[in-house]
Every structure is written in C-alpha cells, then in structure tokens.
C-alpha cells in the first residue's frame, strides 16, 4: 500500500523542484514552445502548497483529488489540464487499493485521455510511459529517469506547441518531460517507491 | 535692374544646392527639429525644376510668383509657407522696378508676416536679415554668409519646432538658416549680385 | 524588457480592471474571475464565449458586447485560462438557450475549454463549440497539433455574435461555425518578436533585416526566415500561400482582414492592404466584399501583420459581418 | 529601419489608397489629392476639416465619417499638408454653412492651414478655426512656438463633430471649440523613438531602460529623461503635472483618454488606465465621466502613452462625446 504521508511529501517535493527549476523549465519551453512551462507549474506548485500546508489526509484519493483540482484551476495552458487529469485519474484509482505502478498507470491514462499523445510524440507521455516500466521492474532511479529524459531530445514533436517546429524541435529536451522527471525524482526522494 | 535670366539660374542653382545637401539639412533638422527640412526642400526643388525647365520668363514678377506658388504647394511643413511667402512677396515687389536689396527685403517681410519671428529667434530670419545689410553695403560673400550662419549656433530657438528644445537648441546651426545660406551662396554664384 | 507595467504577474489582473473601468457602460468584470461579460439585458438567446491566453488584446474582451461575444475569459499571458474560469464565463453568458464556445486551436485552449464544457454540463448548461484552425502556415494534424487558431477567430466572433443576436439556436450556431471555419484561412509574418512580461525576454530573435513568415500569435516559429522585402512582396507571399489552399476563381466573394500584431503602426497596415488589394482585386479579380484593417488579434508587442480571408458562402455572412455592434474593439 | 512599406516616399499615397479601399463605404479619397472625405449626403451643415502630417494614424482620416470629421487632409510623414491640399479638403467638406478647421499647434500646420483659409475665402467659403494646444509639457508661447496640439485633438474632433451634426452654426462651433480647448490638457511619454520612413533613422535615441517624459507626437523632446519606472509611477508623474495645470477639486467631472503612441500594446495601455483610475478616481476623487483607451493620435512606431484630460464644463460635451459615429477609428 502506498503511504499517504509519503505521497504528501512527494508532492510537496515536486512543487519545490519545479519552483527551483522554474527558469530552466522556461528556457526549455522557450526553445520549442512559448517559454512559460516553468512559470505555469510554479504557479500551480504555489497553489498546491497553499492547499496542502498544515493539512493532513487520511485517504490517498482525497489528496490526489485536491492536488488535481488545484492544478487544473491554477496552471492553465496545456500542462494544467494534463497534470490535473493525471492526478484526478490517480485519485479514482486510489480507491481500488492500487499499488504504485497501478497509480502511475492511471495517471498516464488520464494524460492520454486528455491529450491523445502516443509515445514518441515528444511529450510528458515519453517520461510517464517508460517510468511505469521501470517502476514495475524495480529499476527506477535518478539515472534511469535522466536516460529517459535525454531520449526526448531526439524526438520530433507532433503534439503540443512544439509540433509547430517540426524538425526544428529535434535536439531539445521536452519541457513537460523535464517537469515529469522532477515528479519522479521527487517520488524516489520522498521514499514512496521503496516501501 | 535685376536680370531675369540670372535670377532663373540663381533659383535653379539654389535647388541644386538644396538637393545635393539634402542629408546635411535633414541632419541639422534631426538635431533640433524633426529631420525633414532637407527632404521638404528637395521635394520643392524638384517641383521648381519641373516648372522652370525649358521655360523662359520676360517678367521677374512671373518667375518669382511661379516659384513661390510651387514651393507653397509642394513643400509643406513650416518652410513651405515661409519660402513660398518670401517669393510671392518678392513677386509683388518686382513689379516696382526694385533693386536686389529691395527684393530680398520684401522676401524677408513675407517671411516675417507669415511666421512672426524676430531676429535672434534662431530661424531663417537670422540669415535673411543680416544678408540684406551685407547686400546693401556690398559685403556679401561666401565668407560673410558662413559667418552669419555660424551665429545661429549660439541662439536659443523660440520659434518653430526647435523651440521645444529650449536651451538644448543652443549649439546647433538652424536648418532653415542653412538652406537660406545656400540660397544666398547661389545668388553670388549665379552672378545676380554683381551686375 | 521595456514595458508600461507594474509587477509582471499582475499584468492580467490590472489590465482587466483598467479595461472594465474604461468601458464600464459596455462590460463588467465578474468579481474574483478573469471573465469580462457584457452589460446587456439577457433575452434567452445563445450565449457566445471566447477567450484564451492574454496578450492578444483587443482579443478577446474587446469583442464583448451587444452583437458579438457575451463573455471573454482571459488566461495568464499566452496561457490558456483554466476550466473553472471558463466555466464562470459560460455561466455569465448563459441566458437559458445554451452557450457556444469559440476555441482557438491550441492544445492548452482545447483541453481547458473542453474540461469547462464538461463542468458546465454538470450544471445543466448546454454547451457546443468550434475549434477555429485558420492558420495555413502549419502542417495538418497528422504532423502537428493541427492548424492554429489565429486572427480569423475575430470574423468567427462577429458572424456568430450577429447570428446569436438574431436568435439562432445553439445547433444552428454550431452548424454555422463549422461552415465558417471551413472557409477561414490566415497567414502571418513577424518583423520582431513578442516579449511576454512574465518571461522578460523576447520569445525568439530576428536579425536586423530578417523577418519570419508563418509565425503564430504567441511567437511560434513559422516556415521561413528571410530578408525583409517591400510590402508588395510580402503581400505576394501571403497571396501565393493562400491561393494554394483556397483555389479561388475570378469573382469569388471574400472578406479580408489585415491584422496588426501589436507593434506595427496602422500606417504600415494600410500600405499592406493596398498591396493586398492590387493582388487580390486587380490581378486575381476577387470580390473583397468586406474589409478590415487594424489590431484585432495581437501578440503583445510583436511587429508584423497577418492576412485573413473568409470565403463568403452565404449572403447572410456578409450581413452578419456588417451588423452593428457595441464593443470596444471591432 | 524595419517597416512594411514599399518606396518610403510612396507611403502616404499607398496608405491613403489602402484606407480608402478598406473602408469605401465610409470614406473616399478625393482624386489627385491627399484628402479623405466622408460619404455622407450633404445637408447644409458646417463642415469639419482636420489634418496634418501623416504618421498619426488613425488620426486624422480614421475620424472621418458621420458625426465626426467631414474630411481629413494628410501631409507627408510628420509634415503639414500644403495649403492647396487643405483647400481641397475645405471644398470637399463645404455644405454651404461654412467650414471649421481643427489645427494642431505646430508652426507648419498653423501656417499652411492659415493660407488655405485665405484661399477658401477667395472662393467665398466661410472658414473658422481652432488651434488646439493641449500639450502641457511645453512652456508657453513667450518661449516657444506655444503648446503643441496632441491627442486631445481627438476629443475636439468628437465634440465638434457631434455639434456640427446636430446643426450648430459656424460661430457656435467656433465658440464651443475655444471653450473646449481651454479645458483640454495632455501629457505624453516615450519608451522608444519613432522612425520616419522617409528619414530611415529613429528621431532620437533612448538607452535600454531610459524613457522620456513630455515628448511630442513627432518625437519632439520632452522635459526629462529617466529610468523606466512601474506604470503607477509613470501615471503619478502625469497626474502631478496635470494637477499643477488644472487645479481640480473633488467631484470635478472629466473625460480621460489614455492614448497609445503606436507601438505600445493595448495590454500596457489598460494597465496604465488602471493606475490612472487609482490616482484620479480613488485618490483625487474626480469623476471620470468619459473614458477611452487605445491608439488615437500616434507617432508612427513610437512606444509610449499619453494622458488627456478634458474638464467637462457643460453636460452637452458629454452627450457629444457619447453620440454615435460612423468612422474607422473612434
């Protein structure tokens, strides 16, 4: 079973990482998008922090739902509905006593339902999907996350704003994959993965 | 008596000088105005050339009137009505068998009636007025013209666009005085003065 | 960054307050939201809502008022508004006959407006929508997120607004919107980039005499960079691209919009329209039955223009375009 | 210079053609002239003519139409039109009840319009005029050519246009114009200079973070350069200067115009209006009974804003400001 407290510190950590790396995310998004991915998620992280601070949850589903709703209503752009849908979908899955890989899989389903991206289209999906495999076979680590992230470099975007660049999107890391990398690094750091 | 043919070559020469020095006049006007004095007068000179080319005048008054009307209707800005009024006023005076100094005095009267400037206000008046004295005492030369011109440098503008600069207009030659300097240099060059 | 603003992240809030104050006879800001709604007696007609990231002013709040939008929802600069805000816009627009959403085809807008639609339906408001995708500079959706929604959106607002005002039903408006969207084509170019105040740096770089064809309204890249050419050559490039798409014939009737991107003076826009006229009317013999020139869908302080053509398939579309409105920016 | 133009010295001609083509239901260009006249049945009312150098678009042709100007006369860029052109404008505007000229106080405009008046009188047309001098940044006429005519001119057009439309006589309009002019005050600032296409270089230079207060609409210098400050500080400087001039009291009624100089996006103009509102309405307790925000009197591609205040001395002025018009740019 996934521990609610640990998940809460996971999500808090995620917010911190995103906030610390706001400029880096904006820069990645400037290269192949509109330069706001860091600002968008930092706005979301601040709202999540405000929501979670001093709050304690008994049920994982409630925690995920609150986070999802806050992200949906504060982030905007493409990443708001995508991350929001991921957490709302995880909230639903959490009702079924799901394990971590089941939860993350539900999150990915939420993203895909909302954004219709397949793997290889240079989006956050290209982080979530291989991460799920790594979680399943117990190989998730900062190194494997970084390896997955680097692979988005060579991809040509065909979803989201980066798709307008066509071939010129090649050679750049996808900002959404980077922010999702922070999410999964935070997962490891918060110890959610090792229980 | 002032010779019509010589006056015609005087005015043609004036147009050439203005056209050659278009950039210089624009630069002077950029410093203390809106940078178009050269363009304005070049436009006027082209129209005067078109009017005079192949044309020959019996009466000085007709020549001055044509030039005045063309300038008024082609130059615009401040200098159009001013130069235009000068020549129209000279056209009137030419009917009275006037000599050169009387003609130029009439021209200055036209300028002053239109623009209400006194000497010392850093305008073309500060060229015309001393030039009349020089013509009267037979001392007009390229050197005396240049001396008069340089004196506009130290003046503070209180008429025309340069007046908005206040003290900052000091230290720059007045563009209208410069174009009038070309007019009187042309006068010498065309031999109108020495008959 | 040289801008007349206070805190960069207060720009949207302060802009909406400034707009609502200046034009308080026409519009109002719904408290605690980024929604600008019109001050018009509700009369059981279809409500029309649009919106998107800020930075496109006068879009979209500038088109709120009688005969055009019922409400506009503003996001952060260049960032789609969130579903809850769009929902507030829908509620403000609802007069009991359903609400129609005009969405520009950008991933973020589509997803957020779609979620808002779901939320509104939970509150028993009928919602339909059109996704405007008029930007021909972009390859189609097999390769990209699909053609972007750009300045043509303003014609959509005008036509649907007049239709709604005349009492058209939600399904009639949906049908009309789809037909208009099929005939709506735009293309743009940039002379200089936009600077998002929250980012602080230009979105891209152009050399001194370099321009970019096919740019989007958030500074998305276009299809070609080259040296600045005379207006008539720029117009020719647009017309060539549009002709490839549209396959017009002599005498076809069109509405045309020359749109400034934010920092391009009207002087240049009128010169450009003059060149467009020579190409489309004098050479191609099209009938440009409706014309507009000005800043309608901007990209903050980008310099550049776009050209939108709408093929008039139905006389009524022209009537709708010409119908009087009471808005800030039309 | 990066501009969407063809030959620099064709800009005015092509711009007028583009405008007349785009808006041919409202206006027409009088052949062989730079006059844009309205397409309104003549009805023996006073004709209203304005104009000046080009580069101030939508001024002045953008205000030609029913309820506002009868005709606008365009000069070369930043250069007053010549008397013969103004005369053509007067003739186009003449409906038999005399023609009123709105002149901005610049030496060239005053002289050329004055000569045109003389020419018109030779043709038995009664002509009266006002010289608008609303720019408080300039010292008075003992030291200068007098205060410049800037964005406030647009309020003058609107008020006189409505008065003319309602049948006021030439002398009544003259009286009204003088009264309005006395209550009309403007002040502007620039973030970046204008580039006259015929000159090809910016009219002045500003450092990266430098702005200039008190700038004129042709890039004439102002009274102070300093580092860019937040919008609210800029607004405060304007309000402080205006207050010195106007000596208002709580509750006084004003019309306010926040005017963009050409390259400043509406986003910033609305933010600025929000700060103006805080100072004038919340702090000074003035009643800003009429408000406008947008590009009305520009300086080509200058970035910056101006603020105009008109003290409403008569309820009718407000009615005139609010009266409907059929023009491109109001």
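Labels A, B, C and D are assigned to the chains in the order they are written; within every chain, residues are numbered from 1.
Just so it is clear, a residue touches a chain if its C-beta (ideal position, glycine included) is under 8 Å from a C-beta of that chain, and two chains touch if they have at least 3 such contacts.
Note that the structure is a prediction, hence the values are computed from the model and not measured.
Colleague: Roughly how many whole angstrom separate the Cα centroids of subunit B and subunit D?
Modeller: That gives a centre separation of 31 Å.
Colleague: For subunit A and subunit D, let me know how many angstrom lie between their CA-based centres, rounded off.
Modeller: 54
Colleague: Among the residues of subunit C, which ones contact at least 2 other chains?
Modeller: Expected reply: 77.
Colleague: If each chain is a dot and touching chains are joined, what shape do you get: line, ring, star, complete or other?
Modeller: Graph shape here is a line: each chain touches the next, no loop.
Colleague: Among the chains present, which pairs are found to touch?
Modeller: Going through each pair of chains, those in contact are A-C, B-D, C-D.
Colleague: For subunit D, which residues count as touching subunit C in their complex?
Modeller: 2-7, 11, 14-19, 21-23, 54-55, 57-58, 62, 77, 191-192, 208-209, 211, 228, 230-232, 234, 258, 262-275, 277, 281, 291-293, 295, 298, 300-301, 303, 305
Colleague: How about subunit D: which of its residues touch subunit B in the complex?
Modeller: By the definition above, subunit D touches subunit B via 53, 75-85, 106-108, 111-112, 114-115, 138-139, 142-145, 148, 196, 198-199, 201, 203, 216, 218-221.
Colleague: Can you name the residues of subunit B that touch subunit D in the complex?
Modeller: 26, 30, 34-36, 39-40, 43, 72-82, 84, 114-115, 158-161, 163-166, 168
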